[in-house]
Amino acid sequence: MHIPDGFLSAPVWGTFDLMAIPAVSAIARRAQRGIQERDIPLLGVMGAFVFAAQMINFPVGPGTSGHLVGGALLAIALGPAPAAIAMTAILAIQALVFQDGGVLALGANVFNMAIVGVLAGYLPYRAWSGVSRSFAVFAAGLLSVLASGCLALAELLVSGVPMPRHVLFISLGFFLMNAVIEGAITVAAIRAIERLNPRLLRSPQRSSSSLIAVMAVAAVVLAVAGILVASANPDGIEQLARAHAPAWLNSPLADYQVHGIESLWLRRAAAGVAGLVLIYGACVFTGKLIARRSV
Amino acid sequence: MSVLRVRGLRHRYPDGTQALEGVDFELDAGECVAVLGANGSGKTTFVLHLNGLLEGEGSIEVCGIPVRKENLKQVRAKVGLVFQDSDEQLFMPTVLEDVAFGPMNFGIPPDQAIAGSRKALEQVGMGEAIRKAPYHLSGGEKRRVALAGVLVMNPEILVLDEPTTSLDPPAQRELLRLLRSLPQSKLVVTHDVALARGLASRAVFFEHGRIAAEGSVDEIAERFNWTPQSVSLDHR
Amino acid sequence: MHHVVVEQWSRARSPLHRREPRAKLGALLAFLIAVSTSDARAQPAFAAYAVLLGAAILASRLPAAALLRRAALVLPFSATFALITWWSGDPWRALALAEKSFLSGLAALLLIATTPVTDLMRGLEALRVPRMLILVIQFLYRYLFVISEQAQHMRLAAASRSGWRFRSAAGALAVLFARASERADGIYRAMLARGFSGRFPAFSRPHFHTADVVFLCASVSASAAIRLAL
């Protein structure tokens, strides 16, 4: 799910790098309540824990094992803003030190996994803990990976990486499978931690307005799904364009030209990106909402 | 002249257990005292009060300064605590940065802090390791760097919590030699009776949160059967 | 861990090692942007990029074969997408995908192989990356290998006792979590004991020298020239 360099087109990685910078700065500048410099060792050590935990294999069937991604686990253990910073730190190290995920693509990966992934891993937990804690945690893990995966796919599609229908469905199926595994691992881990020492996890604030939380979850999920569908649609049109007008479509400035068929692609791509901006806005809004309610 | 005076120290854990039940203790300038006792008897809890990391009832005075919220920074400049887990103590990315952490927190300008750190590292024999990452050091090396990080602040009192744990014998000998060469007053929490004998002029024995006895290291070891050499190979 | 090798590489000496971290970062970004925006059919450009990296490898005095092997780790992922792209009827793009991801990965590897992580962090800090993020990354990196080793030990211990199952993994995760949490507490106590009162001390920043400016300009120009001319 870490997108390497070379896959995303310049408008896409450029947009995400530009979006991720203020987002991460805002979170890091303690826009959300309650992070101080004294918390830094905890965030760092928890980041190291998740990093190490990602390498532990969870046998899920004959010959297959799954691995933790950790966005939901961090969100549940630390709260969304600290979790976002910890995940960003993990992604930065993975990209710069281990070449896992691109450097230019870091903005997109951070958006997918550290911002949306963490938020999608926190809101269900917050909204549904009262109903059934296990279900809430499972949903958190599942939605976290599903949201990041769908976003990654959408970004690839908008970048023009050709993806025939069935490949798209296989990829989605793959992400869904990983999402279920993440849910299962997250639940198992949370339960095991609670058995060990219940004081290690903070309990979610009882939200008097879980309706808003549910709506926020729905908004994020719908937006992600919508973007995916919208991005997938120009597929057929793109193929056509390639077949009939290869020369200027493939020129370096094709992305910026507005001629005939390309404008349709551009419009859909713009729609995709605009939708992503909407998700970002939704995340910030719900994030602020949570912060206010935490007071 | 006493550098440390503890009177009636009591501490209760959040879950209700009484960790310390009225401890009275005094340390004179230049003295070295060994703190012995079973695990859970309150030794570590006791020393964590000396620089205000834990708060309890009773009074503690370090070089005449009462250990209270307002004076914590002053106290922490006078009491140098070397923790049992060196990995927790060496948290900066390089050795030099870690040793310089203390002085820089007290407002000493970076150049001076770094110069002082280099000197402290030389003193403990780790002068070559300044750019190394703590992860790459051995247990004994980490312990020495931790000690340097404390010495650089010129404390009056050195408090060492189980300093020879997980060190191999050569490293233990080296640490003992190093500690003997330091002029500061020392308080050494340890299970290592050989270390205690080599360093301390006096020992106290903790039991259930209070000091049960005081005397020379040999007296205490004998009285409480505190030596590991009690397993006889002669089974007849 | 294989990363130990990269750590050793980063502490070696060479003209490239000696360059200021920001200069190397700038060179890397220029290269990555040039590669990323290159047209799929501009094969001569990719060859030129490879030559440019070859020159960098020479300047780093690091073993080329080992570097290339490590950079090739990105290929399985790219190859899958490349095949799909090829099969979708765009062979140039398929080839470009593999070439771009490999070249980008190799360039990023060269950065970390010639710059110790701590120096890289100082460089990022000087580039105004938020201090909190830099510090968290620093602590993460400091304890990454400690905790990874713990995880490995646990795996070995459990596997030799009762076999490694989903349950064992969850249990191991919980223990790692608890230890990490305790460790964070211990670190905080150690910080307080040495006078921490709310802000981490700021260390010195890296300095640009003439050689660094020359290097940066040369690298950026080279990448730009290849991108525009080929």
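Per-chain numbering from 1; labels A, B and C assigned in written order.
Basically, a residue touches a chain if its C-beta (ideal position, glycine included) is under 8 Å from a C-beta of that chain, and two chains touch if they have at least 3 such contacts.
Treat the numbers as computed from the prediction; the structure is a model and nothing was measured.
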Practice item. From the Cα centroids, identify the chain that ends up most central relative to all protein Cα atoms. Key: C
Practice item. Could you tell me which chain lies farthest from chain A when each chain's centre is the average position of its Cα atoms? Key: B
Study note, to complete from the structure: The distance between the C-alpha centres of chain B and chain C, rounded to whole Å, is 39
Study note, to complete from the structure: Here the gap between chain A and chain B, centre to centre from mean Cα coordinates and rounded to Å, is 46
Check your understanding: From the C-alpha centre of chain A to that of chain C, how far is it in Å?
Key -> 21
Study note, to complete from the structure: Expected list for chain A, residues touching two or more other chains, is 41
Point to revise | Sequence positions of chain C contacting 2 or more other chains | key: 117, 138-139, 141-143, 146, 183, 187, 191, 196
Check your understanding: Among the residues of chain B, which ones contact at least 2 other chains?
Key -> 91
Exercise for review: Would you pull the chain B residues touching chain C in the complex into a rising list?
Suggested key: 48, 51, 53, 73, 76-77, 81, 83, 85, 87-89, 91-94, 97, 100-102, 104-106, 110, 113, 131, 133-135, 149-150, 153
Exercise for review: Would you mind writing out the residues of chain C in touch with chain B in their complex?
Suggested key: 7, 11, 117-118, 121, 138-139, 141-143, 145-146, 183, 186-187, 189-197, 201-204
Check your understanding: What does chain C use to touch chain A in their complex?
Key -> 3, 6, 28-29, 32-33, 35-41, 70-71, 73-74, 77-78, 81, 84-85, 87-90, 92-93, 96-97, 99-105, 108-109, 111-112, 117, 120, 130-133, 135-144, 146-148, 150-151, 155, 164-167, 169-178, 180-181, 183-184, 187-188, 191, 196, 198-200
Revision key, fill the gap. In the complex, chain A touches chain C at residues 4-8, 10, 13, 24-25, 28-30, 35-38, 40-49, 51-53, 55-60, 68, 77, 85-86, 88-90, 92-93, 95-99, 102-104, 161-164, 167, 184-185, 188-189, 191-193, 195-197, 200, 239, 242-243, 250-252
